[in-house]
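In the two complexes that follow, chain A is the common piece, with chain B as its partner first and chain C second.
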Partner chain A sequence: MIIMYLKLVTSSIIIGCSTFIGFEFAKKHVLRTRQLRELQGALSRLESEILHYMTPLPEALVRIGTTMDGVIGDLFCSTGQMLSEKRNMITSQAWRNTLDRLKDQLSLNEEEYDILYRFGDQLGGSYGQGQSKYIGLTLTQLYQQEIKAQECRQKYERMYKSLGLLGGIALAVLLL
Partner chain B sequence: MLTAQKGTSFEWQKPVLETLPGHIRSIIEGLPEPIRKDLEEIRVRENRPLMICSRGRDYFVSREGRLVQNADDSYIVTHDDTNCLLQLISDYSIYAFDEEIRNGYITLRGGHRVGMAGKAVLENGRVKTLKYINSFNIRISREIIGAADKAMKYITYDNQVFHTLVLSPPQMGKTTLLRDVSRKLSDGYLGFRGLKTVIVDERSEIAGCFRGVPQRQVGVRTDVLDGCPKADGIMMAIRSMSPRVIITDEIGRPEDAVAVEEALNAGIKIIASAHASSLTDALTRPVLSSLLTKKTFERVIVLGDSLGVGTMEKVYGSDLCTQLLENPVR
Partner chain C sequence: MNVDIIFKIAAVGILIAVINQVLVKAGRDEIAMMTTLAGIVVVLLMVINMINQLFNSVKSIFRFY
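Now for the complex of A and B:
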């Protein structure tokens, strides 16, 4: 009788864990799409701060960052603060450092990091119209990535979730 | 005039140092104190030795902040240095300084100016912007309160102001004089009630504005049109700010003369400066000579350096013959 209970408890733990893992894998895809979308929103705002208001970059980054939740807000806020405090760092360094520091919270892939690094390299560097063009280019690239991310999400989100649950059940049956 | 009260000699350090890249910053901080006190310029040129100007001559500077004779011992400026410097002086926002870069300089907090050189990008034959900016001249500006003390009695009478033209070769204290004249006319002093004054500061030199706010003592009744072309600025000031006195520097273009005459007809007093080493020199320049022969200006002050920078060499009345000054004063 006791062994029966024990088996029941262990198998539910196994199933619970693997379902959780499955959901975690699925979450990465959900987050990736969300972060890509948030990035695009933030960059559009940055473009208007630069082109229309001529706001100095550190101020613009902090202003955008503080109105956004989550890691993307943090990325903008920290870069802006780093620029306004550590007066000995160039923009691309500050952007790269923050991006590297937040990598474990971001759910982006290598291709997307490359887009962001390239964006950082010219951030604040050229003249009004040039900045706007670069931001426009980055926005298009991010949008394409978002479409890809959505396809992945549709494909894998359900799969990971059910795989987690079914895998758990299979493991429980096999083991016990 | 220059012996009068000076601002603290190290006031320039904070705003200037915070725009320098780390290496260069520590080098400048390490300079011997007397040199640092009278520092005039920091010259940063990519792939070439770092240089400073102090007490009227220039020096190479070593990595440790020592003054050296030999260019080989000096600190060589790198591409990273100039790149970082450009970002720092523009507050990481080069896009916000299109106009300034087109004119070749950016004004820092505190009124210090950074001149820049690089490759010009043309559009329809005019300079659109500079790229590959690699040479910087950081000019430390010091205001000299009291520079105009001795000039005031030639410029004013019975709480009125004469139309005045200040003639001087470059670097002889023209702008310093105008700035202090503005302060005195605007604040007023014993026996003179302050007047509403407008400075049309095309090159941001007189008031040294940072984000539009004057960084120099230009007087309580003074409004500054910063970075505004003289001719347009004078007209704008007449229409909107009801000044009694307009102060502007370096008139010389035909449209400037038109604007000056417009101001005179509106009953506004003009105090202006021009590049010229003497009155005869000024009379050879078309715009100045037409203004002078029409007796537009009631006083002409000529600056020089016979007794040191900022000496008033001559003061003429409106007929350009009467000398009001017996001997040069400083």
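Now for the complex of A and C:
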């Protein structure tokens, strides 16, 4: 009798754990779309800060970063802080450093990192109008990536969730 | 004679079928195929001892030694 209960408990632990793993995998897709959307919001705010308010770049980055929570806010905030603390640092270098540091917290893919790196490379490299043009370009690229991510999410979020549950049940049946 | 192996095989079959459907719907046909193969292998591993017993008893009944 007690072995029966033991089996029941261990099987439910196995099923619970694998369901959790499935949800973790699905979360990656959810986070990717959310971060892409946050990035777009932050970039369009940066554009208006540069064009209309003429804020200096470090200050603008910190201001945007502090109003956003999550890892995107962190990205902007620490780039701005790095720029204002180390005077001799180039903007693209600071952006690249922060992006590399936050890479394991961001759930974007290679293509999107590439877009962000290229955005950082020209950040602070020209005057207002040119900056705004490049930000617009980055925004359209990010928008396309967001559409792709949305498709991916619709496809795989459900799949990972049900695969986690089903794999757990299969494992429990096999070990029973 | 224990019957729970039959239930176990049935459960594995149902689960593999559902996983297969989920994967096919998500457009991963090749992995769906792989899971089907893995299911077959697992079930074969489950019953291989019994098949061995069956062969041995057939051999001993008909004196094939």
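In this section, the second predicted complex is superposed on the first by the 176 of 176 C-alpha atoms of A that agree within 3 Å, B and C clash if a C-alpha of one lies under 4 Å from a C-alpha of the other, contacts with A are read in each partner's own complex, and residues count from 1 in each chain.
As a convention for this text, contacts are C-beta pairs under 8 Å (C-beta built on N, C-alpha and C of every residue); 3 or more make two chains touch, one makes a residue touch a chain.
From a predicted model like this one, the values you see are computed outputs, not experimental measurements.
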item	value
Partner chain in contact with A:L174 - chain B first, chain C second, else both or neither	second
Touched partner set for A:I135, first chain B, second chain C, both or neither	neither
Partner chain(s) touched by A:Y127 [first = chain B, second = chain C, both, neither]	first
Larger contact residue set on chain A - chain B or chain C	B
Touched partner set for A:I50, first chain B, second chain C, both or neither	first
First (chain B), second (chain C), both or neither touched by A:M159	second
Which superposed partner A:I64 touches (first chain B, second chain C, both, neither)	neither
Shared chain A surface residues [contacts with chain B and with chain C]	none
Chain C - residues contacting chain A, complex	8, 11-12, 15-16, 18-19, 22-23, 25-28, 42
Chain A-touching residues of chain B, taken from the complex the two chains share	18-19, 21-22, 25, 80, 83-84, 87-88, 90-96, 98, 101, 129
Touching residues on chain A, where the partner in the complex is chain C	155-156, 158-159, 162-163, 166-167, 169-170, 173-174, 176
Interfacial residue positions of chain A with respect to chain B in the complex	50, 54-58, 83, 87-88, 90-91, 124-128, 130-131
